[in-house]
Every structure is written in C-alpha cells, then in structure tokens.
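There are two complexes below, and they share chain A, which is joined by chain B in the first and by chain C in the second.
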Partner chain A sequence: MSLAHDARVPARPALAQRPARTWPEINNPAAWIVAAILVIMPLIANGFFLIEIFATALILGIMALSLMFLAGYGGMVSLMQLTIAGFTAYMVAVFGVSGNTNISLGWPWWLAVPMALALATAFGTLGGALAVRTEGIYTIMITLAIGAAFYYFTNQNWAIFNGHTGINTVATPHFWGVNWRADIPFYYVVLAVAALCYFAVEYLARAPFGLALQGVRDNPRRMAALGFNVNAHRVAAYAFASFVAALAGVLQVWNYRQISPGSVSVGACIDVLIIAVVGGITRPIGPFIGALIFVLLRTFALDFLVRLGLDGNRFRLLIGLGFLAIVFWSSDGVIGLWQRWRQSHRPRSDRPAGGRGHG
Partner chain B sequence: MSRFIERHPAWALIVIIAVAIALWLIFAVWPPGLEEAIGRKRVFLNAVFNGITLGGLYFLVASGFTLIFGLMRNVNLAHGSLYLFGGYVGYAISTSTGSWILGFIVAFVLTALVGVLLQVIVFRRMEGQDLRQTMVTIGLSIVFADLMLWACGGDFYQIQTPGWLIGPVDLPLITAVKSSGEPVYLRYPMVRLVIFAASVVIGLAMWLALNRTRIGMIIRAGVDDRDILAATGVRIQLVFVLVFAFGAGLAGIAGVVGGTFQSLSPGEDIRFLLASLVVVIVGGMGSIPGAALGALIIGLAEQLGSVYIPTYAIVVTFLIMVLVLAIRPQGLLARR
Partner chain C sequence: MDSVAQRLSAVGAGAALELRGVTRLFGALAALTDVTITVRPGERRAVLGSNGAGKTTLFNCITGDFLPSSGTIRFFGEDVTHFPPYERIRRGLRRTYQISALFPGLSVQDNVYLACRGVSRGRFSFLRPGKNDALMHAADNLVQAVHLSAVKDQRVAELAHGQQRQLEIALALAGAPRFVLFDEPAAGLSPTERAELIEILTSLPAHIGYIIIEHDMDVALRVVESVTMMHNGRVFKEGLPQEIQSDPEVQELYLGGGHD
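Up next, the complex of A and B:
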C-alpha cells in the first residue's frame, strides 16, 4: 500500500541488480558485529538488561516482524498479530501447567507448546481469510476489530481465559538439567528463535512464494491474470505470519510467567504497529530496531522525564509524538532516515548497506 | 423495497418472518410456557429498548465516521478520541453552568473545531495516502488519549441528567397481566427515549440534507467522484472541511449522550471507536442508512446478548461482523 510504495528503496545501479543467492548478511561487516555482540551479550549485560531490555525487545521484535512480513511484502497491515501471540500465550497456559489448576490441563510443555502453536496458526489463518476479503484500510479495521473482540472476550470469559485476572504462575520448561527460564538460557532461547524468524522471513522474501506475494502487493490484478491465486497467497502469508507471532507468544508467556487481558489490549495491538512502523516495514531488521527503541523508551522514559522536571507518566505521549513524527517525516521509519542520511553523505556508486531491498 | 423482494424472494421471506416474530414478541402477552423457557417479558423488552437506544448512540458516533470516510476516503481512527473529548467538554460545561443543552452545543462546536484543525493541518497534507493517514490518526489517538488522561485523570464521570428528563415513563406495552387481570405496563427511563428520538431526528435531518439540498448534492457527488466534482469548480477543500467538522461535531454530541447514558473514562474512546468500526463494517462504509441499520443491529445484539448469553455477548457482535463479511464484504447497504 502507499506506505510501502513510498518507501521503495531509491533506484540502484543496474549492475548490482544480479540476484544474489547467498545471504546478504555474509558480506556485511555490520551484521557480523551485531550478531557477535548479541551472542556475547550475557558477558556484557547484567540480568536486568539481558531480560528486561534485550529479551523483551527481541520478543516484541518477533511480533512486529510478523506484521512487517504482512505489511512490507504483502501490503496488508494487520493489527491482530499481538492478538495471535496473546492467544498462543493463553493456550500455553491453558494446556500447560499454571497456578490456576482448575483451568490448566497440566500437559508437559513439549505437548502444550506445539498444540498452542497449531491452534494459534489456525486462528490467525482464519482471521486472515476473513481479512483478505477486503483490502487496504479495511484490513486494518477488521483486524483491529478482531483484536478488540478477543480482548473483550478474554475479559468476560472465566471458563477458559479466567476473566480479567488472567492465568498466573505459568510453568516454564526444565529439561537436561537446565532451567530454561533462568536469565542466560532464556536469553539464548529468545535469541535463537528471533534469528530463526529473521532468517526465515528473509529467505521467504526471496523464495518464489515471497516474490509472488510482493507481486500481489504491487498489482493483484496482474498477478491474477498471470494465473496466481491472489487470495491463496495472502492467506498463506497470514498463516506464516501467525506462526511467527505465535512463537513470540510462547516466549512472552514464559518471560512474564503470566498472561492477562491487559497484555492483549487494543493499545498493545497498536504498540506492535508502532514498533514496526517506527523501525521500518520494508526490511526484516526494522521491527527489531523499532522494538529496541520502544523498550528503551518504555523503560527509561519515566526516569528521563522526571529528570527533566516533567511528569513521568507522560510516557505514552512521548511515544505517540515520536510515532507521529516518524509517520510525518519518514515513511520508512528509522531505517529510512538512516538510509537517507547515508545516501546524502556518500557518493552514489556506493550501495547502501541494506540496499538489496525487495520488489 | 419491492425490487429487493423480487430479486431475493427467499431472503425477503426470512426477513418478513423475523420481523413478524419480533413484533409478536414485543406486543403480545407472553404465554406462560415461553416465560418459563426464556425468562420474563419485562427483561426482554428492557433489553430490546436498551439495544435500540444504544443503537441510537452508536449511530451518532458511526454516522460521523462513515460520512467522513464516504467523502474523503479517510479512516479517522481518532474518532473515538473526538467522542471522549466531546464527552469531557459536555461534562465540564454542564456541571459548571448547570445546562445540559448548553453542554451539547459547546461540545459540538469544540469538537467540530478540532475536526477543522485536523483536516486543515493533517489530512490536507497527505491526501490520497490512505495508509499514512490511518497511521497518523492512530498516533493522534494515542496523543489525545494521553492528553485527556493528563487533563481529566482516570476517574469515571457521569453527566447529570436534567431534572425534566429524570424518571421513568409508562409505555403502552404490556409486560405481564396480574392475577387480578390488570395489565402491567413497561416503565422506561425518559432520558433514553428522548435521546433516541433526537438521534432519529438527526439521522432523518442528515438524510434530508444529503438528498434534498444543494450541499447534500455536492457531498453525494464528491462521494462518487471527487476529481470531476473539483473540476466543475466546486471548492472541494471547503466541502471537506465542513464535512469533517460536522462529522467530528456529531462524535462530540455522541460523547455528551454517552456521558449521560453511561459514563466517561479513559478507554471509552477505544470502545466507541471499535463500535463505530463494527457498525460501519456491518452497515457498509460511507452509507448513512447503512450506519443506522448497523447501529441498530449491533446495539440490539449487544444488549440481548448481555442478557441471554452474558459470557459471549461480545462474540455475538463479532460473529455478526464475520457473517456480514462472509456474505456481503462491502456491508449490508453499501452500493458497491
């Protein structure tokens, strides 16, 4: 849609157009440095930074990544990605072990998690099948309505979702003698899942399916005329994005060990959109950058505002204004700003770092 | 109407039967067997009336939303914020001056002004970029919500109903017959009926204005093809500003109504944004009669649902939306 269209990477030199079959990160020193820092992070950061900042940002980043996949490659802005993640979290809590023994079925985690993932993917696919009946801004409205309906439903339903108190003290996995919710193992689990999702999205974007999806985004009529089933591609994109969001949901419920309607509220759904848009929805790295900015702001804005002599509770105002500024001035989020800055400071022959782009 | 019956005889039959059953349920004295099965008639009638009056409120919010969308193709996700803003303004005015009516007028004028500012400062700058406008309105709704939380706090406010509207009235609808053979009539709060009547009047006035006046003709032409309309020399930007102001003002009025019916608190903005989204999705985007029908359906579904299946009331609303999307994705009364 227009946002993705505006954000198309400016014309590249034609010579560099040859499709690279290797991962683009291999030739990019910055990517290696970031990867190395992320891997040795437990040596640098203490428990608070490791979990509250980096693991949380990675989890939010995975959710936003699923939105980025839909919005950037499919042209469908879905506001229900957080709802799918929340649904997974609820399912993990319901099938697995938790403090609410009257609700939880007490399955071991290796049974509960695949079940939750499968159900959430089905849920997201169904929602997607509904949303693809409409286009553009209608998609936003329908997915927002789905998200809000789920929020009110969890608030009202006591039999499965335990009303507004939610489900507490959800058990986390212990096996091979490791407590996987301890800070360092959990960080590595999150990092591994995030890397998996990141590379999966990157791979899919260049696979025939991803290319067809981008074709559907740019010109659905023409793709239909070429014999592609437009709606099937869109629903498949929803299915994949739902699975990614569902993975984030599992990590989220293990992170907080509880799930309540507050975590699937409409505001939280919109936060995921903010993260993706602020980071940039044309490249898979964008959501992670956006998530890091968001988490840092959420954690430190209070102290920062108080230090400036302002009311610390105005954190959401800061987020909203920042989001407005980004939407007003850069249609490709922080990445777009960075890229424009690079281009204005470099000779044209030099390709920008992430400039392989798509579409 | 007759064309609809000709084209869809089966649907028309179903609709007629449903209407007949509904009328019988409302007007007849229920036989004891039915009362045993689904409860007292008073409960049912109250739910129906609550649903219809709630539908009136939803119509006020959603008609502004759908009017703005129909003309400008602009999904204003800050519409809920305008609703809440109007409510707070109405509360402030009616408590400080003691005049309920004045609260309505000031709320309408102030929210309309906010609407003008939004249109001039924000939307005119990004015409035709739907998605970007939507994002901007999401950002604006976050900012507005926080500003209002700052100014008004997280408390619940309820606007005082004026003295001449307090108290119930007897409606000529029999809820039950006493053992002495004396009929019992339905008692219903006056204020809700008055507000419902007012929203019907506003709806009719809008319909007349759209279909019988020059400005209405311009707006309808703009809905169909605004480029050609602009080419014929109509000052389309002025029309946009006026329509946006009117739609926003309606949301402001609805805020005062909602503050009297229910209460005002942070979070209501999202609730009413969702309600108007569902209403216009069901009724058809950009259609005023569609908004009326959608508001009635959703209001009734919500109230009847909360009486008869309390846990799943919200799901009923949602299922209606799903059903409409599955059968008629453009909405019940949309033209396209």
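Up next, the complex of A and C:
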C-alpha cells in the first residue's frame, strides 16, 4: 500500500519541497560569501571601483528591483521606474540645497528627502492607477508615455526643472562629523539601502500582499472570484515599487550631485528594463546581477572595443547582443542560466521539478 | 402579517439567490433571455442544458464576471446586480470554473491560503503569516479535506488534472461560503475521482446551498434536490430530479441532440 502511494507522489528532499517557507539564502554558502565580500569591499576596491562600479550598479539594481517586483510578481511591465527615480532626484535638488539658488528651496536633507520620497511615491502611484486600467503591451505604452512626457517636460520647464541644463552641485548630507558622500561612507549607505530593498522584496514575496500579487499575475479573474480587489492590489504594488525606485533616485542624485534631463531620457528608462531582463525578473537578486553586468560593460566595453580596433562607442552593441542572447536562450535571465547549470551538475534525485522558483 | 410576508418575499428576503428577468446580450446574440430563478438557502440544484444553453453565462452574471444587460440579482435579499465580483464573494458567494482557474506559479498550500485570505481581513498585509496563523491552519484543513495534503508544497502547474479539479473545489470552499456555483466539477475526472467528488458535495454542511452545472446525470442527480433545465438562454423547465428525468420534452432535447 505505502509503496504504491509513494510511487504516485514521489518523495523529494525537504529543501526542494518547501522552497520558500524560510529565507532561501540562509542555507546558501554562496550568498554568505557574496555578502561578506560586499561588506569588506572598501578594503579590496579603490574609490573608482567602489563608486563607479559597485555603488552605481547597486543604485541601478534598486531601480531594476522595483521593476522586477512589478513584472516578476505582478506581471506588470512598467517603463517609468527610472522616471520615478529621476523625479525623486529632481525633488531632492529642488527642496534641498544646490548651486541653483534661484530654484532650490534650501531645506535640510532630512526634510527634503522625505518630501521627495512622498511626492515620488504619489507620482508613481498615480501613474500606476492609470496603467492598471490596461494590460500587457498597453501598460508598457502608458508607462513609456509617462516617462517620455516627463523627459520633455524637464527639458522645457525652467521654473522648477531648470530646462536642459538641470540642477547642479546638489548638496549631500554631512552629519555626525561624517561626509556621507565620501567614497567609503557613501558605498555603505548605498549597500545598506540596497540590502534593505532586496530583503523587503524577498520578505514581501511570501507575505499575503506579495502572494496575492503573484495570484493577480497568474489569474486576475480568479483573484476577483476569491474576494480580492485586483485593481487596488495592482495600484498598491505600484505604490510600493515607486517607493523603492524613489530610494534609488535619492542615492542617484547624491552620487552624481546633479540631475538633468539626460538622466531621465527614454533610453535610460529602457536601460532599466534591459538590466532587469538580463539579470532575470523571477527573483530579486536578478536585477542586481543585471545592473553589475550593465555597469561593467558600460565602463569597460569601450576600452575593450578600442583594443580590438573597433569604435569604442559601440559598447551598446555589446549590451544589445548580450540582451538578445539572454532573451533567446534564457527567458529568466542570467539567474535562470545559473539555475539550469547548477541543476544539470546535480545528481538526478536532487533536482526539483519546477523550473521557476519564486521568492 | 400577510402583507409583511408578501413584501419580504417580494424583495427575495427568504431566498439565497434570486434572479429576476436577467438578460445578457453579446452584441445581437442573447446568451440569456429573461431568466428568473429563485434558490432557497441550503438548496442544492442542478442546471442542465446542452452546449450554448447559457449555463456558464448564468454563472458569470451571478458572480459579476459579466454584468447582466437587464434584470436584477439578489443575494440573501441584497441587490448585488451591479456589485464587482469581489464584493459578492466577500458576502459568501463562491464559484468554481469549468476550466481550472488556479495559480500555476504558486504551491497548492499558497493557492488555498490565498482563497482563505481573500475572504478575510489583511489582504494587503506586509507581514508573513506566523506558525500559528489561523488562516494557515484553515488552509491546511481545506487541503486535507480535498485529499491534497501529500502534494501541498508542489507547484500547481505540476499537479495531475484530477488534483487540479480538487484544488478548484477547495478554493471555492474557503472562509464561510453560503452559496457555491460549481461549473462542471466532474469534467475529466476518473470514476474513482467522481465518487470522491460526490462524497465531498454530499458532505457539505446543510446550510451551504449550491448550483451545479453537470453533464453527467449520474453525478448531477445524486447531489441535488431540484433541477433547472435551460435551453437557448431561457429557463426551459424546473422541477424535481425525477420529474425532469422522465419529462418527454427534456428527453427529446437531451436525446434528440444525439441524432444531430
């Protein structure tokens, strides 16, 4: 009897059976090693690598993480995540202190930042409320339209956004005797915010809100037939994702100390999508991997191409080819390739049957 | 006394579900025409009819997936004609789908947990359920009730068809259902699974009424006390199972269909 029963329901290792009840990374030595390396990075890397590569990749990763949350869990592809971050950056510059004294209100950073975060979250939630009335490609079109409209608006508005020159010499926080924009303190600020966002998304994926969002992704009609207000859930997801993107926007304006329309262009909006897709949108680690690849290519492809005797400006061609290869061979990005490689190097009995594991 | 009773029954206060003159048009096509049905609380009824008779459209109008073009729908006396689906579900209405409508990317347990969460508070909660979460226990019990405990941590996409049909029923029984619409729950089930289904349906608490769409007369007539026969979007006949079964016109419709 029991044999027959076992044959019908094959026994599996406990880890594969209960994939996400606990923190999946806690039992993963690779995750601990990566975390340790990130923490001691200032001992290894010089200022250039620390800020231009790792901090920049983490900031872009947070933006892409907000898209991963919407797209991976909610099935909503939003191209306005960078616009929300850029809007936050502008608001930090407008409410805070900058070289453009005729525009900036001169608030201290601890007032300007919460204000910017609140306004950007409201902005993203409103955009989301528009976007959830549509599905699929129309969501992409509406959010892209919002991004494009914001780009042209910042170019043409001089009263608040200072036109195409943007706002320069934005002040960064100094307190407790620390210049928080100095390389090492800033790296740790960025790392802390990135870790917070990563674990928040990871945690939320298994909380009722995140589970319901995945339900909405899989079958919105059934979710309504289970008592969920599907549109309200989608708008709430946009609100959360907007807040995450807004955090990245604050870090971005502190990183470059300036914000101009070039940072919120349509091309930059699409870069966030590329980062998320290349890294993989099924798990929150994907966007950070995608962002690191993107930043490394952007920084070093130029030298590499010149060394090969090609035009250095073709680095986007490399990114584009990489993007095509990823989309062609692995619909869940680099983490999907990694998972499949690991599964193929594992004894057969260990292999979980599901390809896509959430959370 | 009489006038009070009349007024009460006039607004359908005694009925679990009351449809009056419900019509649903798709362009020029009338999927439902002037359907009037009253179902008592706890009553179990089958809706029969050939393909295109309007059975599933009837369900979609009752749950609010489609709004009726005209007519009114009352649920335990309350006019829900223009309510969105989730408001009707929160009032105790449930349904299953003819083609399983599950969440393939989530585990069995999470599917049922979502169903329990949908009809309770904290749908937007950012906090993970703890070890003693009441809804988690409710979900566990439901999973057990439909014999899916052995696969509760598997993704739904990996389940066999029969298991998906059982999960489909579990989702509809979450919380405190007062009235359930079963849309061909036996579709594609093996004889053993059919027996299990009949057992689940007959062991439901007496206060839970339901309407079941079922082509298999053996299943349908064993689990209901009344039958509504639909034809071309209209109510064709209502009565007890044995009356309907022996009705010559019904036999003509059902058996006559076989000659086409």
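Following the convention adopted for this analysis, the second predicted complex is superposed on the first by the 331 of 359 C-alpha atoms of A that agree within 3 Å, B and C clash if a C-alpha of one lies under 4 Å from a C-alpha of the other, contacts with A are read in each partner's own complex, and residues count from 1 in each chain.
Please note the rule applied: contacts are C-beta pairs under 8 Å (C-beta built on N, C-alpha and C of every residue); 3 or more make two chains touch, one makes a residue touch a chain.
Every value quoted in this text rests on a predicted model; they were computed, and no experiment measured them.
*Asks:* Examine A:Ala149 and indicate which partner it touches, taking first as chain B and second as chain C; both and neither are also allowed.
*Replies:* In the superposition, A:Ala149 contacts chain B only.
*Asks:* Report for A:Ile184: first if it touches chain B alone, second if chain C alone, otherwise both or neither.
*Replies:* After superposing on A, A:Ile184 lies clear of both chain B and chain C.
*Asks:* By the touch definition at the top of the document, which applies to A:Leu337: first (chain B), second (chain C), both, or neither?
*Replies:* Once the two structures are laid over each other on A, A:Leu337 reaches no partner at all.
*Asks:* Quick check for you: in the superposed arrangement, does A:Leu38 touch first (chain B), second (chain C), both or neither?
*Replies:* neither
*Asks:* With the two structures laid over each other on chain A, which partner does A:Tyr138 touch: chain B (first), chain C (second), both, or neither?
*Replies:* first
*Asks:* Of the partners chain B and chain C, which touch A:Gly267 in the superposed model: first, second, both, neither?
*Replies:* Once the two structures are laid over each other on A, A:Gly267 reaches chain B alone.
*Asks:* Just checking: does A:Gln214 make contact with chain B only, chain C only, both, or neither of them? Give me first, second, both or neither.
*Replies:* After superposition on chain A, A:Gln214 lies in contact with chain C alone.
*Asks:* Compare chain B and chain C by how many residues of chain A each one touches, and report the one with more.
*Replies:* Tallying touched residues of chain A, the top partner is B.
*Asks:* Of the partners chain B and chain C, which touch A:Ala195 in the superposed model: first, second, both, neither?
*Replies:* Touch status of A:Ala195: no partner.
*Asks:* Which residues of chain A touch chain B in their complex?
*Replies:* Residues 1-3, 6, 77, 130, 133-134, 136-138, 140-142, 144-146, 148-149, 152-153, 156-159, 266-267, 270, 273-274, 277, 311, 313-314, 316-317, 319-321, 323-324, 327-328, 331 of chain A touch chain B in their complex.
*Asks:* Which bits of chain A are touching chain C when the two form their complex?
*Replies:* The touching residues are 5, 9, 17-19, 203-204, 206-209, 211-212, 214-215, 217-219, 221-230, 233, 236, 353-354, 356, 358.
*Asks:* Any idea which chain B residues touch chain A in the complex?
*Replies:* 75, 77, 128-132, 134-136, 138-140, 142-143, 145-147, 150, 270, 274, 277-278, 281, 285, 310-315, 317-318, 321-322, 325-326, 329
*Asks:* Taking the complex as given, what residues does chain C use to touch chain A?
*Replies:* 63, 65, 84-86, 89-90, 94-95, 97, 101-107, 110, 113-115, 117-119, 122-129, 150-151, 153-155, 157-158, 171, 174-175
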